[in-house]
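Before anything else, here is the set of structures, which you'll find just below.
Consider the two complexes below, in which chain A is the common component and chain B and chain C are the respective partners.
What follows is the complex of A and B.
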C-alpha cells in the first residue's frame, strides 16, 4: 500500500484532534493577546499586556490559586483515604457486597449542581437540618458564612460527591491484584495489617497514582460546588482559580484577560501535576 | 397632587369597568385575566387577535422560571394563540443573561429576537438593540409609564428597552410589631426611644438589634432583626448602594454620585460610603444566622416567611409577604429607604448635619429587541402585549412573576384592596411610598449605566463582601474598590465612561 494512503486514514482523527483540542488552545492564546471585552469586541493585538497585568497587578488570582491548592489537595487526600477504605471493605466477601458497591457509587451518579443545592439547604445556617439538630446542643456553626467553615463545607461536599470515583478505580485495582502474592504472604504468616502494608499497598501504588492524578485534575477545576454553595464567599475565602476566571470572563466579560488567566492556569497545572506525579511515583513506588 | 391621583384613579376605574365589558369574551379563553377581562388598548387581546403572524417564529431569551421566565412563557403562549406566531422561549439563569446575549451580539448573529436582562445592561447592549419605534413610544399604554421608568429604559432620550417591569428599593417592616403598643412601651422602657418606622439607618440598626434573637411574634420560633442581600455576587452591590444613598447623595452637590463627573475620580471610598459600609458590617449582628450568605431568594423567603422585622430591596419580598398563603399577610408595612442624620458634602469635604433621604431607583428587569432580528414588528408587538393593561394587572398580583408596578395607574390603592385583599391602610402606604419615590422626590439615585458595568459592580461586590466577612475594614475595602474602579476607567477610557455616566447624572440632577 502506498504510504500516502495511510495518512488519509489518519486524517479524520487528526482533524477532530485539531478541531477540539489544538484550535481552542491556539484561539485562547490569540484571545489572550487581545483586549476583547464588553466594550471592545474583536481580536485586536495588545501584546503581553494581559499577562503583565496578571503577573504584576492581580493578587486575587494568585490567592485563588493558593486556595485551590489547599482545597484540591485536601479533598483528594480525603477521597483517597476514604475511597481506599471503602474499596477494601467490599473487596473481600462480606454480606450485601453488591448492594454496598452500588450504594457507594450513588453520589457520583447524581448531578453535582443539584446535589450542591441540596447540600446548601442541609447546611443552611438558620433553616437547615444540620443546625436544627446542633441547636439541641446550643451550637449553630456558620457553615457558609465563616471563613474557615465555608472551606470545610466545600471540602465535605466535594469529598461526598467524588469519593465514589476514587472508590471505583481503587476497587477495580484491588480486584485485579494477583492472588499469588497474598498466598505467599499468608504462608509467611503475615496478618492483615502486614499484608496491607507490604503487599496490597505497594501493588496498588501504580493505580493509586493514576487515581490521585485523575482526581487532582478534576478537583483543580472545582467550580460548580463553589458557585452554588458560596459564590466564592464569604469575602473571597472560597474563591478558586476557575471561579475567578469565570467571573472575569463570563460575568465581567473581560474575554481577553480571562483567556490570559486560563492559559496561565493551564501551564501552571501541567507543570504542577507533572511534579506531583513524579513525587508520588518516588514516594509510593520507592520499593521498586 | 391629590387631583392627579384622583384623576388616575378615575382612569383606572374606567378601564376596569371597560375591561369588565370584555371579560367574557377573552377571559374565558385566557383565565389569567379573569379579574379584569381584556382592557382596550393598542396591544390588548382584541387588538392582537387581528394580527396575523402565522408561519413566523419569534425567539425569546428570558430568565428561568418563575421570576420573569413564567410570565414570558405564559404571554408567549397567549400571543401564539392570538396571532398564530410560533414563539420559542429559552430560559437562562440570571447570571448568564448578559453573556448569553452578548456573545452572539458581538459575533453579529441574531439567535434571539427578544432578549431579557437587567436595565443596567443598557450601555453595553444598546449598540446591538433596535430602539423602540415611535408608534409604541407614543401610544396610550406607554403614556401611563412613570417618568422614572421611561428614563430607566431610555438612553439620552431615546427609548431602547421596552418597559415591562418596575423596580426600586424600599423598606419593608412588620407592622404588627412596630405598631404594637406593648412593644412600643417595652422599647421605650428599655432604650428610652420611641418605637417607630425607622427614619435613619442608625435607627434601623437600633430597632433591628432590639428585636433580634427572640420570639416576638409568639410562633415558637426565634426571629431576627433584618434580612438583606449580603451574598457575594448575588445583587449585593445594589443593597450596598441602597444603604449608601442617604449618606452620600447630597442634593447640594450635583455632578455625580459614583464618580466626580468632571475628573472621573471614584467617590466610592468617600466618608459617606464608608459610613454606610460600617453600618452594613454592624448589620451582620442582627441578620439571621448565615444571613451574610443570603441571596435575593433567601431574603424574600426570610422576610416573607416572617423570620425578620425588616427588609429592604425589590418589591418581591413585600409582594410575597402579602400573598394569600403568607403567614404575615396584612402584617407588613412599606416606607421609603431610611435616611441619615448627616450627609457628606464632597465639595466642602465635610459632613452636613441635616436629615437626608434619597430613593434608589434601582435597575430591574428589561426586555429589548435585537437589531439583527428580522422580526422587529412581531417582537415589539409581543413586548407590547406582554405589558398591556390586562396582563400587567394580573402579573403584578403574582409575587413569583417578578413583575412590579411601573405605570401611574398602578399606584391606586383600590387595585390592591379589591383584587388582592390587602388592608386599605397598607395599600395606601404602598402606593403612596412608591409614587413619592418615583414621581416626587428630586434626590433620586439611578443605577450605574456605563460601559463595562459588570466590572464596576463586581469590584463593589468583592470589596464589600470582604468587609462583611471581616477580611478588611470598611475604609480598606472601599479603598480597594476605588483603586479597582480607577483601573477599569483607565482600561475602558475615561472619556467613554464619562460620556455614558453623564446621561445618568443628568437624570439624578433633574436636568431632563
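What follows is the complex of A and C.
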C-alpha cells in the first residue's frame, strides 16, 4: 500500500523533532570548536584545540567514562536478573497477582530526583534508618562519604528506581509468549527448570535484548541520582560522564570544552551501544 | 522440592516488596515528625516513639512569605506541561509511527528502519548535552522560563517514546484492516481516522502512560531552563534539599508528588493483564 500522501503522516512528527533539534545539534558542534567560557563568552574559532585537550590532557573525563560503564553495566545487570525473576514469579498462578504487579511498578512512577532525596535521608549517617538498624551490630558505615560505599548506594537507588521498568518490559514479553510451546514441553515431561532453560529463556531472548538495550540507554544518562545523592563525591568517586559534562559546562562555564566533551560522549555512546547490541544478540540468541 | 521452590518464591517476593515499600513508609513516618523528632535519631512509629505533628503537611500549602513551601503552583505547572507535551507527542508520534509501519520511504540510503532509529536515538542524548544549546536557543526565542519553551523541550524527550511504542503496535494491527477500508471506498485519511485509529486506542493509552511517566519524572531540563516564573514540582522539592533539609515537609511533598502516578501504575497493570500491552511493548 503506497500513495503520494504518505508524507503527510510522517512529516509533522519528523519535522517538529528536527526543527527543535537542528539548532542544538549544530550549535553543539560549532561550540565545541570555540573557546567560549565565562571570561570570554563568544563564538571564536580555535579549531580542534578542545578535542586535543580532551584526548591528551583530561584523565578525569575518561575515568568518569569507566565509572559510568561500571555503574550502568552493574545496575542494568542487577535490574535484568531481579526484573526477570520478579516477572517470572508473578507471570502465572500466584496469590494477589495483580496486587504485586502494581506494587512492583510503583518505584518507576516516582520522580527519581525526589526519591533520591528521600534515599539520602534513609542512608543518613547518624539519623537514617539503615544505620539505625546496622548499629545493632555495632556498625555505622558512612554510606555517602566512603569511595566504595557511595558507589554501592548509587547502585542500590538505581536498582530500586528502574528494576520496575525492566520488570514491565519482560512481563509484557512473557505474557505474549505462545502457550503451545509450554504445552509441548509439559507433554515431554520437562520440569520447571528445564522449561525455563529450553523454552522460556530462548523465546524471551529478543525481548531481553530489547529491554537491556533500552535500559542501558537510559542508565547511561544517570545524573539525577548522582547529583542529589553524592554530587559526584566523595572526591570524584561517583562522578559519571553526564555529571562531569555538567560540572565543566554549567558550573565552570567552559561551554566550548563541555560541548566537545558532549560530542565525544555521544559518538562513543552510539558506537558502544551498537557493539553491546551485537554482542547480546550473539550471546542470547546462540540457540537458534 | 516443590515446597522449597514455593517458599523461595514467596520469600523473594516478600523481601522485594519490603524493599519497594520501605522508602515510602519511611517518608510517611518522617512527614509527621518535627525538628525535635528528626534530630533525635531514627524513629518509626508515631505516638510510641515520637509525637506526630501535621506541620510537614501544613507548610506545603503556605506561601513562602510565611515560611512555607507552596507546592500548589508548581504542582499545577507540572500537570499542565506534562499533559500538553504528552498529548502533542502522542498525536505526532502516532501519525509518524503509522507512516513508518505502513508505507515504505526511500531517500538515498535512508530506509524506514533508519527513520525509526533516528526517532528512538534521541533518547541516547543525555539531558546535560542538550541543556546548554536549549538554554541559548530558548533565550534567543524569549522562551526561557516559560511553559511553551518547556513543552517544546519535553516533546523532544517524549516523542521518541511514543514513536517506539506505536510503531511496534501498528506492526501488530493487521494490514487487512486498512486494506478492507480502502476497498470499501475510503480514502487513506478516512481509513486511518475511522478504522485504524479506533483500533489503536490501547496502544495510544500505553504510549500516553509512558509519556506521562517520563515527562512527570524529568528534573534536569526543568532545573536548567526555568527559574522563578514556571517552576515545576521536582525543582521546587529538590530546592528544599539544602544545608538544613526540612525532612518532614520534604517527605510529605515527595509522597504527594508520587500520588497521581499511582493511578498510572493501575492503568498500566490493567492493560498488562488484559494482554494489550504485550503487543505494544516489544
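In the analysis below, the second predicted complex is superposed on the first by the 269 of 288 C-alpha atoms of A that agree within 3 Å, B and C clash if a C-alpha of one lies under 4 Å from a C-alpha of the other, contacts with A are read in each partner's own complex, and residues count from 1 in each chain.
The rule is simple: contacts are C-beta pairs under 8 Å (C-beta built on N, C-alpha and C of every residue); 3 or more make two chains touch, one makes a residue touch a chain.
For clarity, every value in this text was computed on a predicted model and none was experimentally measured.
When the two structures are aligned on the shared chain, A:237 is found in touch with chain B, with no touch to chain C. Put simply, more of the residues of chain A are touched by C, taking chain B and chain C as the two choices. Shared-chain residue A:58: touches no atom of chain B or chain C. Legend: residue contacts after superposition of the two complexes on their common chain; A:250 is shown touching both chain B and chain C. Within the superposed three-chain model, A:147 lies in touch with chain B and out of touch with chain C [touch as defined at top].
Of the two partner chains placed around the shared chain by superposition, chain B and chain C are both touched by A:126. In the superposition on chain A, contact is made by A:37 with chain B only, not with chain C. Comparing the two interfaces of chain A, the one with chain B and the one with chain C have residues 126, 131, 250 in common. Those residues of chain B that touch chain A in the shared complex are 95-96, 98-99, 102, 106, 124, 224, 231-234, 288-293, 302, 307, 451-452, 454-455, 458, 462, 465-466, 468-472, 487, 491-492, 496. The touching residues of chain A, when paired with chain B in their complex, are 35, 37-39, 41-42, 57, 60, 124-126, 131, 140, 142-145, 147, 230-237, 247, 250-254.
Only residues 1-3, 5-7, 9-10, 12-14, 16-17, 20-21, 23-25, 27-28, 31, 82, 85-86, 89-90, 94, 98, 100-115, 117-122, 126-129, 131-132, 160, 168-169, 171-173, 175-176, 192, 206-207, 210, 217-218, 220-221, 223-224, 228, 241-243, 245-246, 249-250, 255, 258-259, 262, 265-266, 269-270, 273 of chain A touch chain C when the two sit together in their complex. Interface residues of chain C facing chain A in the complex, by the touch rule stated above, are 5, 9, 12-13, 16-17, 19-24, 26-27, 30, 38-39, 41-42, 44, 92-93, 95-96, 98-100, 102-105, 115, 119, 121-134, 136-137, 152-153, 155-156, 159, 163, 175, 178-179, 182, 188-189, 192, 213, 216-217, 219-220, 224, 233-234, 237-238, 240-241, 245, 247, 250-251, 253-254, 257-258, 261-262, 264-266, 268-269, 272-273, 275, 277-282.
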